[in-house]
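Please find one structure pasted underneath; my questions will follow.
Naming follows writing order (A, B and C), and every chain is counted from residue 1.
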Amino acid sequence: MAFGSFVKLFMPKDKVFYNLFEEVTNNLLKMADILVQALDEHDISKRTPMLKSLEDLEHRNDEATHKLFIELGRNFITPFDREDIHALATSLDDIADYIWGSAKRLTNYYIDDVDDTVRAFADVIRRCIIALHSGVKELRDMKNIRAITEACVLINSLENEADDVFDNAMMQLFAYATNPIEVIKKKDLYQELEIVTDKCEDAANVIESIIIKYA
Amino acid sequence: MAFGSFVKLFMPKDKVFYNLFEEVTNNLLKMADILVQALDEHDISKRTPMLKSLEDLEHRNDEATHKLFIELGRNFITPFDREDIHALATSLDDIADYIWGSAKRLTNYYIDDVDDTVRAFADVIRRCIIALHSGVKELRDMKNIRAITEACVLINSLENEADDVFDNAMMQLFAYATNPIEVIKKKDLYQELEIVTDKCEDAANVIESIIIKYA
Amino acid sequence: MAFGSFVKLFMPKDKVFYNLFEEVTNNLLKMADILVQALDEHDISKRTPMLKSLEDLEHRNDEATHKLFIELGRNFITPFDREDIHALATSLDDIADYIWGSAKRLTNYYIDDVDDTVRAFADVIRRCIIALHSGVKELRDMKNIRAITEACVLINSLENEADDVFDNAMMQLFAYATNPIEVIKKKDLYQELEIVTDKCEDAANVIESIIIKYA
């Protein structure tokens, strides 16, 4: 065996991981865009198929995450700590699950009147995922640590914004709601949407711990 | 000290871990069997003690899991990655917790009419645990990697089946239910049952990652 | 470079971790005290600002946890396993989150009549955190392993006590409640309070695994 092949054999297969992570955040971005667009669509006959199309993207996310775990099992040398790759892949996968979970609640619970709270959540989620995607892209060459840090700080503040949206929604719900089944549906939907931003924050925390170790 | 004892001292104490994992999945199998049988029992005065008997088995599971963690702390050398042993033990323990949680909801919420949804969940849970038990048993000698992979694939598809059971149940609940307290009870019970299969999938994912590293 | 500085450079910075962990459990103790006092206060105009003051303490907890993660990223050598530091910091952070989450529910859901169940939870939570704080303090010199073990055993039994409080509360709620919105509010509050003790148990389990490895 030539020395070149020997080196190749033990060379960290960084690109595989970076490509898969970018594939995942790019897919999440598509999901967030569709969610925002669907909620802006007043015609239910058009909105429902848009929400249902998220299932396909959630499956694609599952597949990419599965590939990430297989690569993690196969590769002894990884671009950053194994535990960080595992935690980042898991939280990105959770983001897709909870977006799809929110979309399912909108259709399965027959929530036809999309309110301002739901739209506010979708908007925060989209901004979180834009920041996440840009942070993940920068991990590839680590040239712009500052941009990564700023993305993480932004996600943390967006998660606080989502908490406020949730708290205000709950206060309104319990102050004015008289239909208990409406309360059950909306509370459950709002919680599912709020968890999306929690999972974005989890992902941001992993990214932050990766750059701390690198610095 | 003879060389033999020296080797013994550092020999991976594989059997301890395999025995404990099998003890746990065997116990889970008993829990699933009792759950299915209890739900088939129409006489509440007979069904309730069957459901309550699950508490004892959940305690036994706790003890075996505790032993697993103690062995993990004591043994430097383990049959597979420490993080995988920890994750597998945790998800198996969660399965027992959520089965017992489901049984408690049936009695504490006075859910006397066991519906088809609950029975469908119990059936999927039982099939998941049968696959899990067979997969865990094969870890001992790793001679039949194919059987382990098939068990994991089966559990993943059963978890999808459970998701569908849940989605259909929620659609029915919100389409027809008029009693809000009934909705609260059933939604909570269905969610608890669905989480059992999520935890089975978590366990299957750990098993898959163990065999990827071994292969 | 003198040998002294060289040693210093690689000396485990134990104190940083111990100080931060004690800062966190001390802060949790303040939160538990305020929670108990607020729930004993019958005048809502006095109770509400007490509950709201928990937000500040929750933020301080976030900051200390953040410092713990930064130190973990920076220090190659740590007083105990990295995964244990991470898990302990995470579970202690969760305790603060769920105490603040419980306080928010009391005010946001307009739960003006604090019942015996809520007070029983607050009391168990306070006793859990007292045990946790004493256990964490003993980690510093590991001279009193027995006291640490006893703290962990106590927390486990207190978590069981909290489970019983929850089960009895649910049985009462579904046996007598007629107002579904009341049921939604109380069930959600009780669950949030019960999770506080779950997270205390998680922390105790990490502490136990630390002393098993040390012994």
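By our rule, a residue touches a chain if its C-beta (ideal position, glycine included) is under 8 Å from a C-beta of that chain, and two chains touch if they have at least 3 such contacts.
It should be emphasised that the depicted structure is a prediction, and the values quoted were computed from it without experimental measurement.
Q: With a Cα-based fit, what is the angle in degrees between subunit A and its identical partner subunit B, given to the nearest 5?
A: Between subunit A and subunit B the superposing rotation measures out at 120 degrees.
Q: List the interface residue numbers of subunit A and of subunit C, divide the shared ones by all numbers used, and answer same when the ratio is over half, different when under half.
A: Different: when the shared numbers are divided by all numbers used, the fraction is under half.
Q: How far is the middle of subunit A from the middle of subunit C, if each middle is the mean of its Cα atoms, in Å?
A: Between these chains, centre-to-centre, one finds 28 Å.
Q: If you look at subunit C, which of its residues touch at least two other chains?
A: 83, 180, 184
Q: Which of the residues in subunit C end up touching subunit A in this complex?
A: Counting only subunit C, the residues touching subunit A are 69-70, 72-74, 83, 104, 108-110, 180-181, 184-185, 188.
Q: If we count contacts the way the header does, which residues on subunit C are in touch with subunit B in the complex?
A: Where subunit C meets subunit B, its residues are 83, 167, 170-171, 174-175, 177, 180, 183-184, 187, 205, 208-209, 212-213.
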